[in-house]
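Please go over the structures that come below.
Each of the next two complexes has chain A plus one more chain, namely chain B in the first and chain C in the second.
This part shows the complex of A and B:
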């Protein structure tokens, strides 16, 4: 299995990295949290125990839509061992959620999806807590279930939120009735573009919902001391979790401390604010610490983080010369029962259905609709894999109509430096074209293959998200360094890479730094493990702080060595005078001097970056039409389809990514591999199925079907570093989400080549492939 | 309640537990070793993998009392010296660890695999790990770690 270009360039130390001076090219990556994780000594939230700790259980709605007519907790409250029972009546009557405040901690009168929390219990044992939850009398009068996002758009559809108008919401969110959020992108004159075309092609695509499915089910422990609460939680976004607790329980931020122990994966599923406030409220009422650990089934049903189902209709006009004249599209997205963080999804989906192509005339509208399903929210590159899958299936159809090779068609139409994108953004140096060339060259594209095999190709893009982020860096008296950061490590290695950035500034080794992280009580703000933003934002904060320390070290060394600070070089654990390595002093010695005077302690914050302007008219503007440091990718996938059963098997994947400068090659490859496998799952097996009553029918690992080790194909990865503007240190862009985007699309195109007809349904299960073949 | 002795990583623990308790909960809650993880409690993910007389077993789906009189090995018992075992070190060096939640189970399965098949083929590695779900790594680097361990043993 190779990770890198099969045709290595002997001139470079690592053929995956065109820029050999990039730190990631030469340095072995050592995870600071590695020993904890391979020895089993690392603590995750479910591993925590506190004296007097109680166990929490939730009572759920269990129906998709209804009005609560009876809610009687008296039997539960009377049970020995039960110390607190809470419902909506017991907590502040506050509605929350970013964008649209449509949610309450506990169901208020109406339940809108099966996993909605109606009541919570804390008891001395899990068994008693469960018995108490079962003893709560809940009677629900059924309301009509909105089981489909397209149906939710009908004029006569029942409303999921009858009082939607009364909710507080950002003014930029365009909403009405079941429409949570509407966005459109209009650029040029789409009708004129379509009339100028030689061919106008329309295609229709339906993607089902799926799940983030981290292997760690979430766990939360809350403990009050006086007026302050500490919450240990398996969150990707501790500061968001804190904000949610503060808003719903009406507390100032300095009375809530959120700590994330080791986090067992997230993939977006643990972004947002989930259940921390219910557990904190239970702990307050019981006057004891309380712990919640989710079962796998709860992990599937209750969080407001499902990957959204989507239908897409795309019409494009093309000319016989292979150019695209116009694109029109309509996207309908299933938001589920609440908005979660999804208000920006329509605009983001519109960007992905438009795609990284030169299309002068564009009109794309996207509707995010309430239904009575589990809420959708940011799962790894929200909206993108589905939207890309639809667009790239459509793109192959365009090439096919014109009789042009689909790779050539993409090379002809993809955006390159100086081109204008679908929303009117003009791009700098970007590497999409090179990604296509490299990924395709390293694949079996164009080679003679058996009849049941083919290579499909897809391209994709994804933004980088600049945001506020802070870190402290210090070196103590023995020369040992610490990075104290608000950033959150969810496994990607992004936080782990920070110590390499700090070490490079001060002339120490990464191993000389320890990282204190994911604790809102000690570190400045960071957005969290979301939007692939850690390294680009917190990385800049750490570099800024470490540079101040480096300046201090240079001054101290200059004094000590009787030289000018500007002549001091920090390297290999010591400071020396440039050109005279023998005139040196060790950094621990300088740290010892500093400890008796002005301390080596600094704070850094990521300076804001400007968002590019867009020329398109954007209704429902959510800030995701102009992209800072866009990332690009191309995947070429060889797939084998068994005609008898319809089973598709991925044989090999060739990937090429422009995610800017790669700072940590091991971590970067890990993101590509993990993202690709998640993409294969989404392409072939992962689906959340709903009954006619709006209930999930496969809320378990066995029925949901993640990809296993036995399914994992060989993956090759090439990183393209076009040298354009990055968003992060040394020209880095984000990376964690991008590899998940084009895989399903490329698999679709390979399957279509083998069977001759597009499946146009996601996932492309054996049954669906078989049906299309008939 | 039943009383029995459980041998975990060479240490004998007296246990008093409901007869229905599974081995995972006894290891975590009573023995007090939390390296073994619970990902599903339903034999679907492998995060709870331990060795029972050297054989890999999903401890969530095995009655604790049945493990009495047998040798249980958990992730905490993998190191025989102060140094990381080769499979542990190789998991780190290869990049086979991300969030780490699957890692203890993975290492237990890999250990069992290498004990019964000292020089496994790619296919044998894949089958040997097919009961351990990992959402982070795409498995590739875990395969590499095992191959590296074969070379170093």
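This part shows the complex of A and C:
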């Protein structure tokens, strides 16, 4: 096992730790899109201007639940400068959404959350479009608002979707009434396990909803040429967006091209299919290009991607020897008004409330509930930060009950190689134990600290998601390389690391490759910037393609140097005969030869990876109980709490991650720093507040409190590379989501140590921390 | 909307008399319009080029701070940081470097927000606003200037040209502390400023406390001087200051905090501001702003 020396946050050097390791297997290089972004030369979707372009505005429901009694667009249609006005009546009557087809492009009869689109207008100016939207007469007869996921479970709760039974859905989704999706994981005999315990401990936790809050509000431009439409959109998943357009507007895939200019962040908020079809339909009706740019408020209210609120009740049995005998849990998740992509959330949340521990007897049930809130969907590590926060608070309570040090308790119970997890998966070489040891060792855990400070520790895990993915690789006549990939860059830098993989295969430098990406018209399919999947899937596709080019280069070089292809080594920009570096030919020269004959162009596709088997009984099986290449992490966080006001401040974070082999240290550290900051926000300040009417009360950056650069603590990061079990190239796993998972949990445990009482509400705002002490 | 740029104070006053509203840094006015909180007035006159309103002038009578002095200037000006420290504490907390470089003292004061950061400091330092119009200048006590949230008693043709404060007594100090949930781009959940002057024997000669974000305007805590005079700064006095502040507050509940929490924390802020002011009065150097120098917000 190799590991990398601790790397302090470069902005805040930590003199106690050695410097970043010297160049070795892990490299550090600056992402190719960096200069464009920091100098302002990069172009985003909102920057696009096309001749004759119109501006779109939406009319929203503005109420959480109601029946449309009047929808009159005649005044809007009559306004000069208005070229198209659309409602449900003007588009195909199609229901969509992955898992459960419960949505329409425009509200059909009933509105189920405030941000539901009722009508859309395209006009010559934004102002006219807004005036026209305001001139649409919408009358809505109020229906009872389901404002809480627990209330949605009550037998007498109003139904959010009275027609739920008629919706098409995957057979695996277990649904009923307000229950969008139910999953349970049962393994062993939980009652017997609890009976065998010396102590049985129950705890209850409530996490509020939060937002992805990307800095770029989304923008979409659609333009038709004949029967084909091109849509420029700020999407994390252009192929998904294309599929949504095709499904709802009933078009074959080859008539729709989706292009993503630079993306100004996503964090999951721009996954899925959002508004591309409405804008394409407006453009078609108006016979002109149409552009939509969201305001910050719209970005908060309208997308069906928000981090779900969740309540968790956990009961565990423990023995005096420190072992866990059983775990029982009930999870209720707020899906909001539509399913979005959340049908798998219950099973995923169940895995996270079970946790990366050896628990022989498990019974966890999770309910995803419709409410009249904005729909929830995949935001960076969906369900995991909240579920981990609940479980790790509970874990500290278990250790406390037994009088065992919480770190020792975790080391004793965490899964290691050969252990069986909560769903019965047997793990190979994994690095959780080393993560705990390293993160804790580099922290102040156990050191003498002032009374108002403490170090909290939490562990977490996260799956890697195998999926289909393709790429083209070519080298042109001058030896310059190009990767044409379906992969999408949302800021993680994963796409940028593809250059390193291709370069390594053919003996060039990463900088010798340009990347053409995020255009469904030129590249093969990829799932997109979702599920931390880019490197493990598209990386394998790129390696496959680059290997074919490398084979071609070896053949050409063998001809040229009169040697056997098997003896040709590709390195440092040239091909040489093994053992005789002087017998060589440059790659540009070989590329020149190829350009006159058989071209250096190849296609690679990543074959599916096998999922491990699980022994547990899974009702509502969604494919997320057995994990390919699981990632692990431990965060140890030093927190200072001002007991008089409840204000908590994160002073320092020590992190250790098993995300497999780290290919680009610069990029990997960026992911950890970003994930940690997002985790601090979720822990302390980020929360969506709802009024009694089910409306968001803080849909703006003033009252939705993200963390700022001034709040960033020093972050120390160590990577554990156990090797062997990696799904991706060179043993790489995903990394974009994992760092976001354990931060809030570790902060919780530190706060509890300082004030002596757990704060069982997330975020742990200053007022809540103060309140529990009263 | 009609937009003009004044090159002299007289031009600005003319514009005001003709119905224009002044815009200084625009960080309240323009940002508010962009947020949809308000709309642009029919006429707007930019005053940001009036260099005569950008200086800090000391005299025997005290200090006169031009209304266009920015927060960035206030947090670094030696006279302000040394003798009128509470203002520097407040200005250093405003928004971000960008906000502080553009936002002005006059704008902060005339915007009339009950959560403004420089308001409580100005009040404990005995500031008066110098309002000019074509008819001449008047000095207005701040307690008379702020009449409600976002409201002042200034007439629409009056331009705030300066804030004037008397000389600081011997052995005096001032400080401003605010409750914040993050360390930049924040608005005071509650805030408190204190001014303390000591006798030669270390007992309190005079003291005042003012509070932010707990009433429709910035408010002074009445009777504070009587409560503190002659006493030494100890736990009991600080507890009394906290209670007086909490009792004096009439906070509301909103997204940032409940009334109960505000009432409690404004007391905590008041005693911390009082403590810091008293320590400064003894000559102790506490960095600007107090929020970053000691306690939870300190750098390490």
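In this text, the second predicted complex is superposed on the first by the 746 of 774 C-alpha atoms of A that agree within 3 Å, B and C clash if a C-alpha of one lies under 4 Å from a C-alpha of the other, contacts with A are read in each partner's own complex, and residues count from 1 in each chain.
Simple rule for what comes next: contacts are C-beta pairs under 8 Å (C-beta built on N, C-alpha and C of every residue); 3 or more make two chains touch, one makes a residue touch a chain.
Keep in mind it's a predicted model, so treat the numbers as computed, not measured.
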Partner chain(s) touched by A:34 [first = chain B, second = chain C, both, neither]: first
Touching partner for A:510 - first (chain B), second (chain C), both, neither: neither
Per-residue contact with chain A, leading partner among chain C and chain B: B
Which of chain B and chain C A:677 touches, first, second, both or neither: first
Touched partner set for A:493, first chain B, second chain C, both or neither: first
First, second, both or neither for A:698, with chain B first and chain C second: second
Touching partner for A:531 - first (chain B), second (chain C), both, neither: neither
Touched partner set for A:709, first chain B, second chain C, both or neither: both
Which superposed partner A:466 touches (first chain B, second chain C, both, neither): neither
First, second, both or neither for A:479, with chain B first and chain C second: neither
Where chain A meets both chain C and chain B, residue numbers: 700, 702, 708-710
Contact footprint of chain B on chain A as seen in their complex: 1, 3, 28-31, 33-44, 46-47, 213-217, 262-267, 293, 295-296, 490-493, 666-667, 669-670, 672-678, 700-702, 706, 708-710, 712, 714-715
Interface residues, chain C side, partner chain A - complex: 35, 96, 179-187, 189, 255-258, 261, 264-265, 268, 295-297, 300
Residues of chain A touching chain C in the complex: 640-642, 644-645, 647, 649, 651, 684-685, 689, 697-698, 700, 702-703, 705, 707-711, 765-767, 770-771
Partner chain A, residues of chain B touching it in the complex: 28, 33-42, 44-45, 47, 74-76, 78-79, 84, 88-89, 91-93, 95, 97-104, 107, 125-144
